[in-house]
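Heads up, the next two complexes both have chain A, just with different partners, chain B and then chain C.
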Partner chain A sequence: MREFDFYSPTSVPEALELLRKYKDSNAIVAGGTDIVIELNERKHTPKVVIDIKRLKELEYIRFEDGLVKIGALTSHAAIAADPRIAERTRVLHTACAEVGSPQIRNLGTIGGNLSTASVAGDGVAAMVTLDASVVLRSKDGERTMKLVDFLNGEGYDKRNALQSDELMTEVFFTEPDAHTATAFYKLAKRKSLAISVIGGGMRCSVDDAGVVTAISLRGGCLGRYPLQFKAAEEHVLGKKLSLELLRETLPMMHDLVLDLNRNRPWSVFYKKESVQGVFNKLFVDILAQLNMEVGA
Partner chain B sequence: MKKRGRGVGCMWYGVGNTGLPNPAAAFVEVLGDTSVNLMVGCADIGQGSSTVMAQIAAETLGLSYENIHVTWADTAVTPEGGATSASRQTFISGNAVKNACLDAMGELKRTAAEKLEVPEEDLIFRDRMIYSAKDESKKMTYPELMGAMKYYGRLAVGAGYYNPKTTYLNPADMSGVPYEVYSYATTICEVDVDTETGEVDVLKVVSAHDVGTPINETMVEGQIEGGVAMGEGFVLFENIEVDGKTGAIKNPIFSKYIIPSNMDVPEIYPVVVSSEGDAGPFGAKGVGEPALIPMIPAVTAAVEDAIGCRFTHLPIFPKDIVAAVKAKEAEEAAK
Partner chain C sequence: MNKIKITCTVNGEAVCREVYPNQRLLDFLREELGLTSVKEGCGEGECGACTVIFNGEPVTSCCMLAGQAEGADIVTLEGLSKNGEMDKIQKAFIEVGAVQCGFCTPGMVLTAKALLDKNPHPTMDEIKLAMSGNLCRCTGYAKIHQAVAKAAAE
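Our next item is the complex of A and B:
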């Protein structure tokens, strides 16, 4: 018995045509590191599987117009290996370098990571920290939305805003400037081949006087989508950056994690404490990167 | 905050159970081309026992390691070897191999003694040569010996087994002499403990093991390194979760049963200590379990040394460390 029909388009228009034609029941395979497991476990039983791995036009990392644009089919390994990403966008570099295993990093794509939108997706936490946007295309055209809005969207399978005839083609974010530092810390059960317990992401910009002009503090695995530590961000914004100032936010993080996870008493104790340890590491990392601007 | 700690674990461990019979056997045949068929029940599960059995046979017969073809753990043809467990195979199957080879050497010695005209007890079999201990000019090569065996129509076959002197234990209180020999070991380790996240970084481990005579030193080092990794997992990662109602194991897959990855395993300095051999083949003792055991108290003690909290249950997870640190802080604040 044939469980599904398999298509392997070679161009984006061809893929969009197929998605439209089979919009009632399809699954897109990029790296396949999540969807193939779901298919094997019969969590998904689509009539049509569309493999987009041959759409080489969606594999790129471009720095243009002050933006970093990454094709949806770019692998974690390719992102981790890009020296420009490693230099300026440490949060994404680290998240992509430490996700899964070497095999997962070689196969898994950033577009797939964001579309699957796993609670523990390290790429999701990193991209949210960077306030990234995603480009979705269908036969009718293209739409762009903030990743956070995408994640909160109610698309065809309720995971995110993706419609069943749409394909994510790109994710982009503002290129961090010399006054901006980013960092990611993965807390996990072991040092590699592990799913995150907390994936902490931080982005911080300062002016010449060392005053914080932009800040993003995000915690993966602490909620359905990377948790925003809004009170902590507000506490830091507009003040002169220092380790003391940053550490003043730790109790706020503790309280937010406790508030949001009260229904999981078995994990909340550890998470509310360890989230502070995770961000303490990120603070030190960020300050070291901004050394020129803020002093030791 | 990261805190550093050091811990030491020492142990002695019995090898060669004597409380109950504990035998293993071997068959051997030296063929005309000086190759050897050796058959043992001993199961090589990766620890390298077949290599060690071949080395013991080669040493006993005076042939090269390359001459020995080992057939192992095939119930259709190999003799009883007992379990690959209890750190016993080098000791017990190794002795069985030695005994089987000595049995096969009966005809070899008789033939060599006749050809060289020296008493059997003066003969030395070494490095593919047979010579007199009293007059090394009286010698022959192994191929020459096997040619003579063929001429006389003699075959070099042997069977042997070894069973430690079974003493049995007193059924009333299990007292007695439980093992034939003992292995000794000390493991020292250094860890960093993150008091906020509970992460434990095992940095360096020195593990010294008295193995009697190491038959294969590289493999002994490999066993020590493997044992250190397993011990680290025992203390920090590995936990079998059992369903309280059905008794089923809830995490029977390696995505949920966490063992150390390469990135977690520390720098390991194995130290192989040779000592006076006892009843083992050429004085060898077991190292299979000893490699693992002292790592466990060493890591546990190092964590305690780092943060001042004693753990009486394993594994110690990051959440346990954070909870212990918090409890200690609360206790100190109350003073």
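Our next item is the complex of A and C:
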């Protein structure tokens, strides 16, 4: 590890002050599961490291005004252990419960997962499926943006919209209601300690007649950001939900994956097939949650 | 680079050290405190060999900076035996034969300890899930899981 000065602020304003002061060369460490390895391997050599693990005010899960608000420092383990999220927001529960290993889930934070914005980030795929928004704070104030815009943003390291004097403080999303089901399926090389090969996320709302009123189909690890299967979503929206209808979208998914990964032929053959398997599982899961006939 | 002061509890004893901040918790425990039961395996949080119990939770100490230990309560394998008597988990590992080369064993025992402290009578599925972050390249996992179950039954 290269030399750096180390600060451990105990309040958000103090952290923002430090981030501004050392704007030119800093690294934020929370859970550390990515950044400490980068520091140790000298892939990242900041002059100052700011440990935010002590900002207990950013560790919370709140249910307010139909929203679920999660403090950026909340660990994957804490999210996975929350009974209300397990019951109503299955996509997030499953993604957080299957990240890394028990040790990694104890350390790794949701804010870190979204800020690192790995292609294979399970939390990223789940939160995009939920159409979540993030709150970024700096000494100048606060800004809120959709997670998809955050991921596409041009911040200081081009990874996302985060500026070098900004801190992600919260992620929030609309809590799925009784007419909405969500699910996540992680395809990986083994059950534990595995990085996702595909992290499929699905959210589906129906009205009393079973007609689809909202749908989100997202695939993690299939592009720089969780891939939106837009044609598939449009095909399903406004129609009566059934397994047959959902399965009609599989060729569209197959084609999109094939299309987008033409320059990565080594992974296309596998991913174009497996994406169908992943979403087939999600379809069955969602229909079961909505108490609808799964059929054949 | 300025030194930082770390005050924490390690294996029940108060520790205060002034150190350079560019080291991991793993390095701090091994190099500064001489607690060499904490093993570096992959150094990437993938194998669990460096697991310690940090404020009651198992964590991989290769993923933490030394400075993050400030104020924490840390347990390493050295802290498990009392008055020369091994912990029941250590005894169960020996009795069942859950140790071969032994490199993963400290992390395994500590993960099991953190589990049994919270859940004294886990099911086999709970044991398997709790131990899923610790890799062993010698024994396979059957005997390790059996050892944890044996310790829980005592």
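To be clear about the criterion, the second predicted complex is superposed on the first by the 289 of 296 C-alpha atoms of A that agree within 3 Å, B and C clash if a C-alpha of one lies under 4 Å from a C-alpha of the other, contacts with A are read in each partner's own complex, and residues count from 1 in each chain.
Quick note on the criterion: a residue touches a chain if its C-beta (ideal position, glycine included) is under 8 Å from a C-beta of that chain, and two chains touch if they have at least 3 such contacts.
Computed from a prediction, not measured in an experiment: that's the story for all the values here.
In the superposition on chain A, A:32 makes contact with chain C only, not with chain B.
Of the two partner chains placed around the shared chain by superposition, neither chain B nor chain C is touched by A:68. Residue contacts after overlaying the shared chain place A:5 against chain C, while chain B stays out of touching range. In the superposed model, A:104 makes contact with chain C only, not with chain B.
By the document's definition of touching, neither partner reaches A:253: not chain B, not chain C. Within the superposed three-chain arrangement, the count of touched residues of chain A is higher for C, of the candidates chain B and chain C. In the superposition on chain A, A:125 contacts neither chain B nor chain C.
Contact with both chain B and chain C is seen for A:191 once the two complexes are overlaid on the shared chain.
Shared-chain residue A:286: touches no atom of chain B or chain C. Within chain A, the residues touching chain B in one complex and chain C in the other are 191-193.
Of all residues in chain A, only 187, 189-195, 197, 269-270, 273-274, 276-278, 280-281 touch chain B in the complex they form. Against chain A, the residues of chain C that register as touching in their complex are 1-2, 4, 20-24, 43-48, 51, 54, 57-60, 62-65, 67-68, 70, 111, 129-130, 132-135. Contact residues on chain B toward chain A in their complex (touch as defined above): 194-199, 237, 255, 258, 260-264, 318-319, 322-323, 326.
Across the complex, chain C is touched by residues 1-6, 8, 29, 31-33, 36-37, 39-40, 49, 51, 53, 77, 100-104, 106-107, 191-193 of chain A.
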